[in-house]
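Here subunit A shows up in two complexes: once beside subunit B, once beside subunit C.
For the complex of A and B:
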């Protein structure tokens, strides 16, 4: 319970010759298996495949984890971070609530236990705090003084806030036509915020050019040249679910798919816990959720394809609107291997999903959470998800950031004069309607 | 760590004849000492003084608390709630982060340790979740099936969400001219939301009339007829600070003042921990923070008055804008008894306070948090707060709810074409300005 005093900020100019990445030993190409030393690299020189962190786990036990801090750093022994990463200045995200959702289960006809893993409780209210925390740690080890990203929302908030907390520079690049609320939230943290004339594709292209430019020699783009580390942060969602269930695995998990990374990392977390003997090996199924307006992985799943054909996103679920998802094929692999499924839902269903979760459990999710709830309903209706099994659904962000999505759909029950008789009348009408 | 399965929802129509309020034994008038049995009462029949919960504490120990859940219910043995209150459906708020704020300390010239108690991490992102949780529990014990409130923001969110989670009815009454963002956030949870033509005074007057009306016989107005229970929820902020510091008290605490209740309850929590032997008795000073545009308690402190003269609020810190604060005189007592002080700050200083906290610690506070940070700075400048002592400041809410307050003050560093040369130019200019 005691909050450990934070160690003095590590000097970013003094990265050691052999960086300490804890249990991580190398980067390995997912496609051809070529290995590389740990550095700011993300694509295989041989085959252009994505690089993933490799480990030599030792000294991992329930006791070690349980004696750790009440945040994601309790899993340091399973991440590409030094053992002291949690003592360096960061936002200390994680260990968010796992909420038992009996009302939602009843509303959907689920008789097994239903849980919501609610990552809106993170410091900047999305799961992106987890991935940024690991990327920020990697940037320190690699002597990269500035953390950067291209983003349209949650990631921008998470990077700017984490940099402020660490007293380091940040560069966040956004499209200039972004909603003012998202601009303000990021700008409040005071880093460099570049609004680029153009759309998100233009922003991404600019960032790709910047990665190779001498200007950015000490920049860590969290989701580009630090991506292998960044992505591993999502494993902590899976670790927490298993530990919070009392060191066991759920039977079904429903995760949103943007790049596809989160879904694959939750599965990876479960596999690691099993292989390390931390939980009993019981079967689990992983389900994916997309908005129909950006559903390339769902379409590939339905068509039985192994490749994912890029789409142009058009949905209110902007935090999931990645038309060409880097980890889409791997997400397909996980879902097919575990016997799950992937579905997509309309924007109207997304709004219904947001409202259903808020009205039944008091959890106000962003659009991505609405996608997951609506997909859960669809998976039940189509018989793909078993209503009698224990199920965990992921809420990755906060409704306060996507108010526009519900603006036309909710409002006051009534507007009245300040008069008790008016209240009486409105309540009588309301109860008559709902009886 | 394991999340305890939630007990079946208590039947609200079956309140027992002798309600179980745990260690609470009676309600006592703060002015004349008259005692009453525990019920939905809030004012003394004899003298109209406010009623406060009285206790018979037994079986309280560090071990009992430490073995409790990772939320405010670990302090059930110190609250007017049944021991099983935390197992009934509620939002399980509390145990928010205590963040060591070395960057902010350095920026302000504080050499003692500085901490931020960050209540924006609660389920609906303000400390109101704590007080509503205790009021909701009391409503259950008293057989009140509907929870209600008049509010312009955080309390409305907290009541509507808590009711949704419990599957019970809620009635939230707001002024019809409230910002649409706050209306949407409350409406999302689906309870009855009444927009009243008029200002907040009209809303409050209507609610006072409603409390006596047969229509509301089974309503618990959390901050009216359940106020004694509601207010006790704020003690958990003080308990958590002491436990998170490793079972000891800080030397200085800075709290915002709206009604004044939170400030007095943090002090009460410290006194209880001392009297129960849970912490060593070391001296502490309590400081109060107001916005100049609504600073009746600060004005009374400065003038040396015991009474608080009501004002008409005019400040961007709307969550603190109570012109006639019910607990103002008690807040004055606490501040004077402990040797603290009360200051107030301009709206411009509030915005600077929000930005300073965000830029140094990555914590994006609502206006009330800005008031506290700006007041901390003023208390240092005037020599009233000791920069060498250990200090805890309270952030009670989330910047996402008060974006309007900073809209004119923050924005992108620059808007540019998607061109690496443009980025190079902007960064060179930025670094030249900041060197």
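For the complex of A and C:
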């Protein structure tokens, strides 16, 4: 076994006057276009609009990417990070497997090729390791010694683990009703874990209020004041899909929607690859998946609205339970621009989706993955997704994190004595039932 | 009446750096509070409201602990002693 040497954690007291953010050049408001210098800012002073990283890409080629490390840092030249970001202590996430899902395709009547981008293979078993890696790098460049977040669980895991690896302090804020698995797998990494009485939107509000408080002067909230950098990490999901398909784009992608950021960044990744000449420009459609118990973006899509009206979440898909999604309007824009659609599914369908993916492909997804599979089925049934085209669905997290969701639905085939006759009897009964 | 308004970092240039401002609105609604806030911090209202006078898309306003989008928006009643919070919506996920 080999280990990759890593540089010690950067001296946080020595943040340079002009931070090195690689190809990133400025932050720009998505609403009114006002530009800002790169810093710990996230909302436009003029209109409250979200700030997005702008770039001046140079020296990007397939060869440069292919010669990079076997993780997301192979795309450093396309991210707001210094070229050496991957050499600093971090979890080195990314380059997760793209699994050809022929059995699932057959079960659903899909005749085009179906793939699962399985991000449960990341270090803390969700795609959040990607976004945290970029935010952690930004925190270093900006001299922020503590990384913090508002989380529905997966991000909590990722922040606590990344901080532990870097020898950094962390403060993770979660709703107190999270799945026990996500609470324990955050607490295990140490750091401060605050469980707040309230839902995720309450937690998010609290963290937004903490930004600007003297108490948090050297804190980088990865999904608040570092959000422009953090969100860019999700682009690597799109880059990897295109590279793993042999430097080409899929025709259809189905992504879960929580804040809506991941969906928009996968689309952005495809657009960047096209504009940089890394892939041929072929049409793609982006589809969104929500749980009915928290479906503000799906409801807006169905109603033809550009504005997303907040809802109070009530679903087992807690990792998607954001009632007031920050990027909801942009997710709507992407889906409509590409000719996709957004659907939502019941909690019962979510469980069926988890089981279907597990039973057909051996991939055990958390509830968000169940939402995606169930939504794929619904999109097919309603004729909104073309079963003859190549489709990639995103599994963003590991089923081991949300065992509560399926605990009442699966279990031992039988509990028996250690006796051969008992095994014979149970198997006969089992086969009779499934004949 | 007296109402406390929490000011987000990006609007504190209008309040001399203050994170909280106490106002005395003549009308006990969110709209009245924003009028009173404008009187002590000129220019701040157009940062919170758009050209049509509606709350901007990416700003959340809470009266007590309630998001006004779940209540009556700018017409939401603001009782004596209540706290109003103005918060950027671009967070989370």
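The rule is simple: the second predicted complex is superposed on the first by the 417 of 435 C-alpha atoms of A that agree within 3 Å, B and C clash if a C-alpha of one lies under 4 Å from a C-alpha of the other, contacts with A are read in each partner's own complex, and residues count from 1 in each chain.
To be clear about the criterion, a residue touches a chain if its C-beta (ideal position, glycine included) is under 8 Å from a C-beta of that chain, and two chains touch if they have at least 3 such contacts.
What you see is a predicted model; the values in this text were computed from it and never measured.
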Superposition-derived comparison: subunit B or subunit C, residues of subunit A touched: B
On the A-aligned overlay, A:259 touches which partner chain: subunit B = first, subunit C = second, or both, or neither? second
Now for A:388: first (subunit B), second (subunit C), both, or neither, which partner does it touch? neither
Thinking of the overlay built on chain A, is A:174 touched by subunit B (first), by subunit C (second), by both, or by neither? first
Check whether A:18 is in contact with subunit B, with subunit C, with both or with neither, and answer first, second, both or neither. neither
Where does A:58 make contact in the superposed view: on subunit B (first), on subunit C (second), on both, or on neither? neither
Quick one: is A:195 in contact with subunit B, with subunit C, with both, or with neither? Answer first, second, both or neither. first
Counting only touches as set out at the top, which of subunit B and subunit C does A:209 meet: first, second, both, neither? both
Kindly list the residues of subunit A that each of subunit B and subunit C touches, one partner per complex. 202, 205, 209, 213
For a test of understanding, state which residues of subunit C touch subunit A in their complex under the given definition. 6, 8-10, 12-13, 19, 47, 50, 56-60, 62, 65, 67, 69-70, 85, 87-93
In the complex of these two chains, what residues of subunit A are touching subunit C? 31, 42-51, 150, 200-202, 204-205, 207-209, 211-213, 221, 223-224, 227, 231, 258-262, 307, 309-310, 312, 322, 324-327, 329
Residues of subunit B defined as touching subunit A within the complex: 1-3, 5-6, 66, 70, 89, 91-92, 97-100, 102-103, 113, 115, 121, 123-125, 160-165, 167, 171, 174, 176, 180-181, 183-185, 187-190, 192-198, 202-203, 205-206, 209-210, 213, 215, 243-246, 354-355, 358-364, 398-401, 403, 406-407, 410-420, 423-424, 426-427, 430
